[in-house]
Structure formats: C-alpha cells, structure tokens
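To keep things simple, chains are lettered A, B, C, D, E and F as they appear, and every chain counts its residues starting from 1.
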Amino acid sequence: MALNWFKYSSPASFYPLAGRLAPWFGVAAALLTLTGLYLGFFVAPTDYKQGEAYRIIFIHVPAAWMSMFIYLVMAFYAGLGLVFNTRLSAFMARALAPTGALFTFISLWTGALWGKPMWGAWWVWDARLTSELILLFLYLGFISLQAAIEDPRRAARASGLLALIGAVNVPIIYFSVQWWNTLHQGASISMSQGSAMAATMLTAMLVMTLAFWMYTIAVVLTRVRCEILERERHSEWVAEVASRETR
Amino acid sequence: MEMSGIGLLSGTRNILARDLTLAGRRITDVLTTLFFFVIVVSLFPLGVGPEMNTLRMIAPGILWVAALLATMLSLGRLFTADYIDGTLEQMLLSPQPLSLIVLGKVAAHWLVTGAPLVLMSPLLGLQFGLGGAALGVLMLTLLIGTPVLSLVGAMGAALTLGLRGGGALISLLVLPLYIPVLIFGAGAVEAVASGLEAGAHLSLLGALLVLALCFGPWVTAAALRISLE
Amino acid sequence: MSLTEFFSMGGYAFYVWGSYAVTALLMLIEVILVVRRRRTLLDRLGRIHGAAHGAWRDGAGNETQT
Amino acid sequence: MLRGNALVAVRGDRRLFAGLDFALDAGELLYVNGPNGSGKTTLLRMLCGLVAPAEGAILWNGEDIRSVGDAYRAEMVYFGHLAGVKDELSGVENLRVNCRLAGQDPSDEELTRALGTLGLRGLETLPAKVLSQGQRRRVSLSRLLLSRAHLWILDEPYTALDRSAVELLQGLIRDHLARGGLAVLTTHQQVEIDAGITKELRLGS
Amino acid sequence: MEMSGIGLLSGTRNILARDLTLAGRRITDVLTTLFFFVIVVSLFPLGVGPEMNTLRMIAPGILWVAALLATMLSLGRLFTADYIDGTLEQMLLSPQPLSLIVLGKVAAHWLVTGAPLVLMSPLLGLQFGLGGAALGVLMLTLLIGTPVLSLVGAMGAALTLGLRGGGALISLLVLPLYIPVLIFGAGAVEAVASGLEAGAHLSLLGALLVLALCFGPWVTAAALRISLE
Amino acid sequence: MLRGNALVAVRGDRRLFAGLDFALDAGELLYVNGPNGSGKTTLLRMLCGLVAPAEGAILWNGEDIRSVGDAYRAEMVYFGHLAGVKDELSGVENLRVNCRLAGQDPSDEELTRALGTLGLRGLETLPAKVLSQGQRRRVSLSRLLLSRAHLWILDEPYTALDRSAVELLQGLIRDHLARGGLAVLTTHQQVEIDAGITKELRLGS
C-alpha cells in the first residue's frame, strides 16, 4: 500500500491513473446532481417560513462548504509540496485553486440572491459573508501570484507559502470579523436557522454536497493532467503520451 | 479637409487598438486594478463598522476615493513601458500630432482601467445598500468622471516619467488635481441618495470632462516632450 | 403541482432560478475551459513531438526549433 | 573624423586628465587604456556627449559634437559598463528596443538572425533575467550587428564573454574598421587587438 | 549563551543601522509615504461631506485604511534595491539567521514609514473631531498595529520580489492579510470614541503583533530564499 | 572537504549539467570553466546553497550543506556577478556592512587599511556611485582581505579589474590556498592560474 502510494506520487504514473478515474467521478457527479435536484425540488417540502426561496440552500450551502474545504485541501497540498518537495502536490494545489474560487463565487452569488427576499438586502456586512468575500480575495491572490511567476518551481513554492499564510489567516479573519460584528450589533440581522431542518432537506443538501465533491474531483483531475503535461513536456513519457493521444 | 480629419483620427485609433491588444496580452494587469478597487472598497466597512445606515451615507465618497486611488495606481504603467522600450520616442518623432496619439493612449487606459470600475460600481454600491436611483447616478458620474481622472493622470504620469520616486511622487502631483472631480462626483450621488437633484453637479462634472478633453492631451504632449528632452 | 407553478417558485423564481442558472452556467464554462485547455495542449505537444519524432528516439534531449 | 582637443576631465574634486589630444580617422581604432579609475569611462562618455569636458572640445568632422547633436548621435553607438538589458523583456524585445532607440526598425527575422549569430538561438524568447551574465552581454552586443553607425564606442565590451564570443566580437570590430568605420575601445583583458590601424591612448600615471 | 544572544541581536541592529543610514540619504522616499497618508485622509471629508458627526464616526476607519494603503505602497522599496545590487544575496549567505536580518530590515521600514504615521495621526484625528481619549487610543493602536503591517507586508514583498506587475500584485496579496489588524485597530478607537472599553481589542491587536513577530520574519526569510533561487 | 556527488542542474526547461562529481581538499583550487550559459554561475550558487541541485548532494566535511546551514555559511564567502555595493554608501560603510553580514566586526582602521591595500586610498569616504567600475569591484573585493572563511567561491572576480588589481587578487588567492584554504573560481579571462593544486572542471559541450 505504502509502496503504491509512493508510486502514484510520481507525475508519470499519476497521469494515466487520473485519466482513468476522472470520467467515473464525472459520471458520479452527474448522477448525484440529478438525485439531489430531484430530492431538493420534488421531495423536500416547502419551508413554512421562507416559502420556496429556501431551495437555494441546496446549492448555497454545498458551495460554501466546498469553498472552505477546497482551500484547506489546497493549503495541505501546498504544504506537502513545500516540505517534501513533491512536484505532484504542487500541481494539485495549482489545479484546485480555480475550482475553489468558483465555488466561493457561487456561494456569494447564491447567498446574495437568497438574502434579497429573506433580509431585504443583497448584502450585509455580516461575519460569515465578509469572511467568505475575503476568502475569494485569498484565492485570487494565489492564482495571480502563480500567474505572475514564470519559473514553475518558484511559482509552486512561492504560492505554496502564500497558501499556508492564508490558511493561518482564515481562522483569524473568521473570528475577528465575528468579533467586530457582535460588538457593534448593526441592523440586527442574524442568520435565522428557521425550523429544524426536515430530514429530506438535509439529505438533499448532503447529496448535493457529494455531487459537488465528485464534480471537483473530476475537474481537478483533468486539470492536473494538463498541468503535468505542460510541466513535463520535455520528458520522454510525455512525448509518447502525446503521440498516442493525439492520434 | 475630410481626408486629414480621417487621418488624424486614424492616428488615435491605431494607438488605441495597439494599447488594447497589449492590455489583452497582460490581462492580469487589467484585473489587478479592478481587484484593488474592489478590495479597497471592501476595506472600509471593516474599518467603519457594519451599520448599513452609516455605510449608505458614506458610500459615494468611499467608492469615489477608491476609484481615484485605483486609477492613480495604474498611471505608472501608462507611459513607462513605451518609455523604456523606446516606443515613446518614436511617437514623439511621428508626423502625427502627439496630442492625438496621447488621446489614443488615454482612451485605451480608460477602457482598461476606468470602464471596468464603472461596470463594477453598481455591485459594490449594492453592498452598501444604495438604492436604484443612486446606483444609476453613481454609474453615470463614474462614467463622466473616470475619463477625467485618466486625462489628468496622464499629465502627472508624463511629468514624472523616468524619475526615481515616480510611483509616490505621482500621487502627490495628481491627487490634488483630482479633488474637484471627487467633490462633484460624490456630491451628485449623495444628492440623489438623499432625494435631491443632481443636475448641477452633473453638469459641472461634464464641464470638467470637456475641459480635460480639450487641454489634457495637449498638456500631456508638452510634458512628454519635456520629460524626453 | 403544475409546471407554471413549479417554475414560479412561489414568487421567488428570479432568486431560485437565478442561483441555479448561474451555478450551472459557471460549472459548464469551467468544464469547457478545462477540456479545451487539454485539447490545445495535446495539439501543441502533438505538433512538437510529431515533428521531432525521430530525434526523440535518438534520445536527443532538446526540442527542435520551431 | 573624430578629434579631441586639449580635453580636461574633472570629477568631484579630482582632475582625471588634462590636455588630452587625439585624432581618429576612418578605419582606425583608438585603444584607450589605463588603470582603474584613470578616467577611461569618463573619456568615452565625453565622446558620446553624455559628459561635457571641463575644458577642450570634441570635434566630429570638424564640428563640435555638442552643436551637431542628433546628427552625431545617429552616427554613433555606445556600449557601456551597463548592459542596457531589461530583465523583464526577452532577447528579441530587448534588441528591438535598442534598435528602435537608435532609429532603426529591423524585422523580427533580422532580430532573430542577429541573436542567432551571437549564439542565442533558442533563447530569444526567454526573459533576460534568466539568462547567464555572458548571454545578457551578448543580447546587448547583438545591436552592433544591426547597427549602421560609423563610430563605435565600446567600454570593456569583452566583460563576461567567453572565448568564442570574444573572437566573434573581434571579428565584428575588424569588419567594421575594414568598412571604414571608427572604433574607440577600452579593455583590461589581454585580448589581441589585431585591427588595421590601432592608436593607443594611455591614461593615468 | 549571553554572548550568542548579543551576537544574534547585533545582526538585526547592523542592518537596522544601515537601512536607517540609507533612508537618511534618500529622505524624499520617507516623506512621500507620509504625504500620501495625509492626502488620502484629507480626501474623505471632500467625498463624504462636511458633517462633523458623520466624520467623527468614520474617522477611525478612514485613518486606519489610509495607514494600510500608505504602508502597502511603501512595501515595493523594502527589498528591491538590495535585490538589484546583490546585497540581498549576501544577506542570504550570511551566517547570521536570515530571519533576524529580515527583522532588522522590517524594523527600519517601520521606523521610516510606520512611526511617522503614528506621530502624524493625532493631528489628522483632530481634523475629524476625535476627542482626547480617542486620539490617545488611535495613536496606541497605530503604534501596535503598524509594525504588524510592516511585518506582514514584508512577506508579500518577499514573495513578489522581481516580478513584473509587482506593485499591483502585492496589494492583492497583502490587503486581505491586513484585515484583522484593520478590524481591531479601528474597532478599538471606535469603542473608545463611543464610550466603551477597548481592552479586548487592544489585547487582540497585541496578540497579532506577537504572532507576526514570531512568524513574520521567519516566513519572509523562507520567501526570500524561494525568490532568489 | 568539499564534495559534489552526481549533481544535476535544471533551469527552466533546460538541463544544464548532470552527473557532475568533484572533490576538493585543503589547499586546492577548483577552476570551473565553460562557455557562456554552460552553468558555471548556477554551479557556484549551488555550492553556496542559494540554489538547490535538482538531484545529487553537496557535502562539506561529509555533511550535506543544506543540513549544516549557518555553520557552513560562516566558513564560506561568495563573490558573484553583482558587486553587492550600495550606491549611497561610502567605501568604508560598504565594507563595514559586508563584514558585519559575514559576522565580523573590524575596526575603522582595519577597514581603511583593507581599502588602502586595494588602491582606494583617499576614496574611502566617497559614495560608491561616483567610483569607477573597477573601483566598485575593489570595494567589494576588499572583503576577502578581512575574511576568515575557509572556502572562497569566486564568480568571475577579475571582471573590470586592471592588471595590477588582477595580480593583487591572484596573490590573495595564492596566500589563501597556502594557508590551507579552498577556492572555487570561474573566469573567462586568460589569467595565469599558478596556485598550488588546480583541479579543472569543464562544463558545457
């Protein structure tokens, strides 16, 4: 097992593995999305307080969770790459960032669209909302730094360090923003949790989260394959792959 | 007459097209200005506190100051690249009037930095709880005002070209000149937000634009000639 | 539940469908971008290595000039 | 063609040289030598018009270079201690900029060919900051290949160059002189100067 | 033990002394940061309008945001000169721990940019009608907070060393990291201005300083090693 | 003492060298040569620990230099393409800063004497920006006089130096080796290397 793991941490052997796995995750994502949507729209009951608008929850919460979780995974890979100098983990960190930023944006967007009917405002400077916005900035900083450095080794290491700094900063931001907010209770808007969540709602939300997970894995595996090809384009095995796969 | 008119404009248009192409190649430069704007605007609620009423009141001022700062930070790039690689010198030697070439460069600068700010502003305005009318006027004032910022900033950029402390120096030169734009721009939005008429502010802003359009490129051209002496 | 009733989402159609549509659109765009990136990359690699096929077998490590 | 009359150089409180005369005609090389700090660079910068002599005059075809101005600058190329190569730009871009500054506008093909001649094939599109020291100097030198200037002013051009590049540059200077060009050169390296007519100018005690 | 302690600190002190000497020879660089701070702060009353009550309410936030921006703009100079002339390379090769050398550089940076802001702030606070207690806390928070800005900014400067779009990129990297400092700094002043206790905010700010002091120089050193590879 | 095992250097897409081995003992000089861009500077920066080898290891007294860290750096001095001289500081100030960075604290007298040995008498207090190219390099080199390092790593140290300074530097290197020091040197100049035991390492094709 340990040996296997070691083997697949080399880009050359991870590349075909990722290629074999990605489609399966794609299919799983599609199936789970269909199930989740069916549960969310046709099985879950209407919320007695929020009406139908609450159905945004089935993408909002999974996206919000994913946005934070992907950042952690990204920072983990970045740290791994820095400490053990493994190329593959740096590729993974790089491949995760755009998808993470995408989910952050989706959670902001759906949150705003939910906030208007529920709170009467597209946006309030609430702790959760603000820290999610800052998370988006952190993703953008990571992506921009990587884009600005030409040397791939330096790019990987510098942005890896940035991801780690950001990971330390995320909890600090989260708590500081919360603090700042509770001290000055503003328009007295708080996240109303509503009634205890119906079991079907919870199931639908979890299924959608799983679907987003599968989607993320599929996209990231495909993207990491591109990274590998690009970075290792001068090695012999890429030449073989290229002549095989373009045929 | 006709012919030369077309010829003149074509000089402007060529430079405009070239600069836009270049901006397309360095899309990150474009995005950083926009990000800077967004981040600076988002910093204020964190400093000032989350009460929507206060925020709504100061929103026009904050958005305008942020636009000013974002434009200012992007000025460094306006002529420097062309100066370093000698293109600017060639422009000075061009038989087309330098002020029209400058106009092309400024237009490209505005399209790349000012226009995105204008498009982004309603979203940020929403975050500060501005209403529909105020949002409209905010966009309108930025639409009229940011070209003035680019035109005036170009003068500063031309004057500080190639100087060592350029980046910081330019802010000292340009920010005071930006003050009228800031006052009328933010004033118009505030007026509308508190239910008043903004006509007077807007026409003064328009007058500033006309003034800047007439004299800006010409002054910038003169400043460039001095800097490259 | 009729179809129009379903689509009106109890008056919240804009918000609910706005959320779902944008999410779907963005995910779609991401997938298209990734797939297209892979295509162009393979295309380019194919051209490089196709042209230098012989050289590669010789073990000459450097790319031929394009 | 190029003549120095009773030149005096003063830097800060120090008088580097005084009463310096020389005359250089078509096809001739002026080899300026002397220990560190003796004023070689100062003299060469004077010849370019970058520094005004404290006394004396520099004449190009009988006219003071300060009054000729642009016309003189168009006939001259100066290659100094600093490579004049921008870190962020690639080799081709750097060369293009340098040529344009000299009022030329060579095609991309010519640029690539010039860089190739200087042994930079395959490196043309790398940003200069990743090049080795010698490669940066080569990028800078490639300008000489495309130059149509009559007068070359070269301040320690052999710095950081390997043997083959030194020979290449010597060849370039030789051809330039053979075409009737003029050159002024300083170097501390023991490089064979086998050009047609070499005049030597010794600065410092 | 004693000896090596002195030895370690002497590395920091040497660099500090050197950087201060250099700053003394380039005094304009120092002044531009201060001017920028003053100008940005003075722009707000023009954008927001002259009502003293509003101004007093938003003053802490504005002063803090301006301090943030001023510090950020000065970061570009932190390592660049040493990078270009090869001194930074020698620092990396010094047997003294790089993080202590970095500490010296950051200390010099703070003395040259942060400290003047601290000294200037009461004057600007007065213009916004802040009271005596609030002014005191404003100075205190800036005194604790601006070193954090320098320490965190140094990481950003080290990561972007020698990159093309450096100036704009650094703002994108660093501003999000500045947010906790902004929140606690402005929060403390606001609390005092509205008659509350600021102890909690101040101790959190102090905690941030300790955290930044412990990890900042070390991370910056790692970033420098990466950037110079 | 200093040993390189199967070193591989990769920069960007290019593999500069691979499988490089060498061993250097007390009193020996390693003369690294090769054309421009062959990886000499890269190798020297690896020996300093500024660049990590893509593969292989560098050992100092049998231990990997990356794990020895500061202790290794205290025994080593690197003199690179860049002079590491601050324009705004004077010669004495520059030398003092450089020495302190290396963990030494010579007196003003020693500093002045070192600069004087390198022919900078009377120029000690001028800001470095007015010095000539060779004088700047001398300021930078003067550090070697005060250094107690065992290992000297010199990347083209003769650049911009006149003949007398070259001889001076050669003498310094010779003395250093005679004292049992180690030195690694690159140069493109045809300078006589007459030190005790000279090992040559050729990079590039």
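Just so we're on the same page, a residue touches a chain if its C-beta (ideal position, glycine included) is under 8 Å from a C-beta of that chain, and two chains touch if they have at least 3 such contacts.
The shown structure was predicted, so the numbers you read here are calculated from the model rather than taken from an experiment.
Undergrad: Comparing centres built from CA atoms, which chain ends up most distant from chain A?
TA: Max centre-to-centre separation from chain A belongs to D.
Undergrad: Which chain pair is joined by more contacting C-beta pairs, A-E or A-B?
TA: So, comparing the two chain pairs, more contacts are at A-E.
Undergrad: Can you tell me which chain lies farthest from chain B, using the average of the Cα atoms as each chain's centre?
TA: Most distant chain from chain B: F.
Undergrad: More than half overlap in residue numbers between the two sides of the chain D-chain F interface, or less? Answer same or different.
TA: Shared-number fraction above one half, so same.
Undergrad: Quick one: report the Å distance separating chain D from chain F, using the average Cα coordinate of each chain.
TA: 29
Undergrad: Where the CA atoms of chain C average out and where those of chain E average out, how many Å apart are those spots?
TA: So the centroids are 43 Å from each other.
Undergrad: Just give me the whole-number Å value for how far the CA centre of chain E lies from that of chain F.
TA: Centres of chain E and chain F (C-alpha means) sit 36 Å apart.
Undergrad: Based only on mean CA positions, could you tell me how far chain B sits from chain F in angstrom?
TA: It comes to 50 Å between the two C-alpha centres.
Undergrad: Which residues of chain C are in contact with two or more other chains?
TA: 61
Undergrad: Among the residues of chain F, pick out those that touch two or more other chains and give their numbers.
TA: Counting only residues that touch two or more other chains, chain F contributes 12, 81.
Undergrad: Would you please write down the residue numbers of chain B that are in contact with two or more other chains?
TA: Chain B, residues with two or more chain partners: 28, 32, 35, 39, 46, 49.
Undergrad: Show me the residue ranges of chain B that touch chain A in the complex, using the header's touch definition.
TA: Interface residues on the chain B side: 28, 31-32, 35, 39, 42, 45-46, 49-52, 55, 126-127, 129.
Undergrad: Any idea which chain E residues touch chain A in the complex?
TA: Interface residues on chain E, with respect to chain A: 155, 159-160, 163-166, 169, 172-173, 175-177, 179-180, 183-184, 187, 190-191, 204, 208, 215, 219, 222-223, 226-227, 229.
Undergrad: State the interface residues of chain E toward chain F in the complex, per the touch definition above.
TA: It comes out as residues 7, 10-11, 14, 18, 21-22, 25-26, 81, 85-87, 89-97, 101, 228-229.
Undergrad: If you look only at chain E, which of its residues touch chain D in the complex?
TA: 162, 164
Undergrad: Of all residues in chain D, which touch chain E in the complex?
TA: 87-88, 129
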